[in-house]
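Next come the structures, one after another.
Each of the next two complexes has chain A plus one more chain, namely chain B in the first and chain C in the second.
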Partner chain A sequence: MSALLNVEDLRVAFVNEKDSYRAVDGLSFDVNPGEIVAMVGESGSGKSVTAMTILGLTRGPGVGISGRILFDGLDLVTAGEAVLQRLRGAEIAIVFQDPLAALNPVQRIGTQIIEQIRAHERISQKAARARAVECLERVGIPSAHERLSAYPHEFSGGMRQRVMIAMALSCSPRLLIADEPTTGLDVTVQAQILAELDDLRAEMGLGVLLVTHDLGVVADIADRVVVMYAGRAVERAPLDAVFDDPQHPYTWGLLGSIPRTDTPRLERLATIPGQPPLPSELPKGCTFAPRCPHRFARCAEAPLLESRLADADHSDRCWLSPEDKRVLRNTGTGIGLLGELAATQ
Partner chain B sequence: MTEAPLLEVEHVVHHYTSASRLRPSRSRVTVHAVDDVSFSLARGETLGVVGESGCGKSTLARCLVRLLTPTSGTIRCEGVDITRMSARQLRPLRGDIQMVFQDPRSSLNPRRRIRDSVGAAVRVAGVEDVDARVSELLDVVGLDPRIGGRFPHEVSGGQRQRVGVARALGADPKLIVLDEPVSALDVSIQAQLINLLDDLQDAFGLSYIFVAHDLAVVRHVSRRIAVMYLGKLVEVAASDDLFAAPHHPYTSALIGAIPVPEARHGRSRRRRDVLAGEPPSPISPPSGCRFHPRCPRATAVCAREEPPLVDSGGGHLFACHHPLHLETAAKEVEAGHERV
Partner chain C sequence: MIAFAFRRMFGSALVLAAVSVLTFLIFEAIPNGDPALRMAGQNATPDTIAAIRRAWGFDHPIWRQYLTMMRKIFDGSVISYSDQANVVQQIRRGLPATISLAIGAMVLLALISVTVGTISAARAGRVTDRILTVGSLVGFSTPPYVVGALILYIFGYSLHILPTAGYVGITAHPWAWFTHLLLPWIALAIPVSGASARILRASLLENIHEDFVRTAKAKGLSRTRVMIRHVLRTSLIPLVSLWGLDFAALLGGGAILIETIFNLHGVGQYAAGSVQALDVPPILVITMYGAFAVVVFSALVDILYAVLDPRIRLTTG
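Then we have the complex of A and B:
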């Protein structure tokens, strides 16, 4: 089966007079229909740039994009603006983190949804209106018909995010990019929105690229995971493997940093020492090495993202042997990044 | 516990009123942000306050540091009633209770160097050698003292929040009220800051009130947790008890909604009991128990009578007509009978 979305060796660089910043560096992954692929990482890891690049939103002077983004066989990196315009919102939809910034504050939400539908399909105002109501009902907005004439500020945060999802679905897309869709929402509302997304995936066979920093959210709904660090995928694996057998020390660090509610309270959280590198000052070799207590001589050379285990679907960028990793990541209470940083090599 | 508590909060109420300027004839709108909240805090203790947006937790935090004056009720710090003190009266006590805000970008003056922002707090504490003390404080929170010469926008979010903590420490406080101190930070940076707060508490014997929406973080830092819903405390208990045996259905729903970072192993993606709906408006809170419209256990009495906050034993307080622990206990008794 060919993937719905196939990203291959994607590189995005922002260039100014003096420097070139590699925001995304050699990223490859794919999304199949009916599947949720999570892209996890911290600020500046390149996850949002990737999402925007798929939609052609990072194009511009001073931006170098190379590699391939195949959507249903069509390369979005080389596709013309007119082709992208036709796909955006219709075949590929996006839900942003902050719906208040994404929605027009002075237009009724009905107008905004109808506008989107009619931009892509030749249907009457009346039919588009009926479709808008249907979409709002679909995502659980009560009295959808009346709510069409409400303004964005008249909705709560959770309801606004539902409006965004309804709008994204209005043209029956095949791929949904959800960029931090539940960040900033309360946990109970987050659980509702995630359940909603999963229903849509199941019913419409939607492929979803979920961009998030929250491994808990990932555990709840994703099928596969791409862990990003400093513009690169450092680990790519099926969901369970990320939690049961994580291969990259950065993934261990992320897992160890999260306070858990399902285990006895720990005295201290295992942290990741230091801070992520600036894109202008990326270290040579393994980009995580300067923060990694387990680094050794070989880390001066950049490891490739490849499978080092029996499972061919599980790849990582770390030179340590799988046997060593099993020992090193064990904190006694779970998985984490342990040990002091050795003096600069 | 013979020692007097550091902070005593009794029946604190805070209402925001706003008159519509466009239609002055209309009656004023009152938002019941904090409604009859009482608790006390011992020296060196951390009390977590959790709840969803709009539950009044930030308003409560601001009342405690007296950025707001409560509508009614009493707040005592070391036995001194600070509820209605004027700014002048408060000044000598300001150093005792400090606050760390969620967004250090907006709580640090963007035109002041970090050294000067921290220095202002140090002067309040009456320290002679301000520069030396500032360098010491920056070092204590894990920053290179040379960072003092920079402006807030020149450092990362995690570093800015450390500056916020250094400034709070500068006034030599007994209590720090932390309002969502880590929610804007990346997880790895969040963990570093949480560990730092832990170390500072041990080193200086500080008390914390840790306000946050993230129950997992609150559980990690707090010995006791207070759960707020629409301005009311619905449950207060030791962290471990709260998680092991939540009494209030809302607490249980909050705990159940926390996504757990672990493998799914073929388990369904759907969470079991997703709490429906959203908190209603605090302008016109529901009658009786404010949670009843969303509560799976609600009966007629819940809409009629407001449940009082009562102790189920050992300081575990809850406000519910149909608490979960009684049912569990009843089941255990039943099971016991069957075995006999």
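Then we have the complex of A and C:
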């Protein structure tokens, strides 16, 4: 099956007078129709930049973009602005974090949805209005018809995000990019919104790129996961593989940060020590090494994203062998030494 | 909304009362303010002066004089001390010129400031922006009467392409109406549009980075539509209050100097003449009329604000 979205070796660099840095550095992944691919990582890992770059929204002076973003065979990196404008909102839609800021505060939501529909389709105001009502109903907004004339501040946070989703889906796009769609919402609302996304994906055959920092969100609905760190994918795998046999120590850290109810409670939640590196000061070799408790000599050399397991779909950027990793994950001790031994053998 | 209107009306009445009392008292207090002396002429006998005092009621206690004046103002019978002309009629005669002046100046002001502000913001930091910034500051710091005198000299007296003075009614001769008002409009619009353009530029640059503008782009809207419907529309909101009050001031006869320079015979020029003659009734009426215009327009601005930005509620009076 050919992918709906095929990102290959994407690089996004921001350049100003003083310095330049790579926000995204050689990223590759696919999204198939009807599939939810989650992109997970801390803030600054390049997730949002990737999302925006797919829509061509990071273009501008001082931004260098290379690699390929094939959407249905069309390269969005080289596509002209007019082509992108036609795709945006119609074929590829995006839902942003913080819908209060993302919706125009001084326009009725109906106006905002209708505006998008009519930017792409030659239909009457009345037909667009009817479509807007449908869209709001589909995402579970009660009395959708009346709510069309409400302003964004008159909705609750969860309802506002539903409005964003309704607007994004108003032209039946084939790819939906959801950039932290549930951040800042109540847990129950989060679950509802995610369930909604999951239904819509099944109903509309929508490909979804879900950008989040929360692996818990991913566990609910994603099919595949791309773990991002400092502008690179450090692990790329089907959902179950990430939870059952995570390969990269950064992924372990992310998993350790999720509170669990099915295992005995630890004294405190595990955290990943340190901060992600500034994009302008990336360490040489493995970019995670400075924060990694399991680093050893070989980490001075940058590992490639490749499959180190029998499963070709599961790749990572870590020099440790899968067996060592299994031992490390199970014991959690003697880590540095084991790494050294592994390297000298 | 109704509560808002009532509170606003009550407040306005108070403001008007205070303005009228203060203005009345000022002319009671200033030296050489006795109208009877001036009306009697230079070589008047004390008897004549006393007769005038009695005839006009200047011998009554001040509160009674004030009340009489107010009654005359509200029944429209108030007359000027200097030429005995009916003040309300005089103002009514000046209104077409003043209203034409105010509307045209505001239109021009809006055109100039939106154009300059938008170009400035679009070219922020570049040469065009710097030139426009300097231009705005120069315009902003030049008083209208200087601009007026300058353009009057250039276009009226040197180039002879525009009339130098006078007002022609719009119904009588629309083109002459336009040419006679063009210079006064420019003179009034330039200084204010300097400030407006700066405010708009700042507001545009702030809004252009807003998340909802990014959403608008992500919706697949054209650049122009994003700029006009989302960025510009939102950025114009702060200018509403500024322009509303400017308009009220012009309408209230605030363009005293420009009306006089261009001899437009509007309310402002009437005010100027009355002040020179220390003629209390017209001054009082024009001041109250001007205050009324400002009070009404500030209420309108508040309502418009709430319409333009639905997050604002009309609860504060």
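Operating definition for what follows: the second predicted complex is superposed on the first by the 330 of 345 C-alpha atoms of A that agree within 3 Å, B and C clash if a C-alpha of one lies under 4 Å from a C-alpha of the other, contacts with A are read in each partner's own complex, and residues count from 1 in each chain.
One rule holds in what follows: a contact is a pair of C-beta atoms (placed from the backbone, for glycine too) under 8 Å apart; a residue touches a chain by one contact, two chains touch by 3 or more.
None of the values given here were measured: they were computed from a predicted structure.
Colleague: Can A:Glu137 be said to touch chain B (first), chain C (second), both, or neither?
Modeller: The answer is neither, since A:Glu137 touches no partner chain.
Colleague: Classify the contacts of A:Glu8 with the two partner chains as first (chain B alone), second (chain C alone), both, or neither.
Modeller: The answer is neither, since A:Glu8 touches no partner chain.
Colleague: More residues of chain A in touch with chain C or with chain B?
Modeller: Looking at chain A, the partner in contact with more of its residues is B.
Colleague: Have a look at where A:Glu115 lands relative to chain B and chain C in the superposition and call it first, second, both or neither.
Modeller: second
Colleague: Looking at A:Asp75, would you say it contacts chain B, chain C, both, or neither? Reply first, second, both or neither.
Modeller: In the superposition, A:Asp75 contacts neither chain B nor chain C.
Colleague: Residues on chain A in contact with chain B in one complex and with chain C in the other?
Modeller: none
Colleague: Which stretch or stretches of chain A touch chain B in the complex?
Modeller: Going by the criterion above, the answer is residues 42-43, 156-159, 186-192, 194-195, 198, 213-221, 239-244, 253-262, 265-266, 268-272, 275-276.
Colleague: Please output the residues of chain B touching chain A within their complex, sorted ascending.
Modeller: Chain B reaches chain A through residues 52-53, 156-158, 186-192, 194-195, 198, 213-217, 219-220, 239-240, 243, 253-255, 257-265, 269-271, 274-276, 278.
Colleague: Please output the residues of chain C touching chain A within their complex, sorted ascending.
Modeller: Of all residues in chain C, those touching chain A are 210-212, 214-222, 225, 229-230, 233-234, 237, 308-311.
Colleague: Can you name the residues of chain A that touch chain C in the complex?
Modeller: 55, 57, 85-90, 93-94, 96, 98, 101-106, 115-116, 119-120, 151, 153, 167
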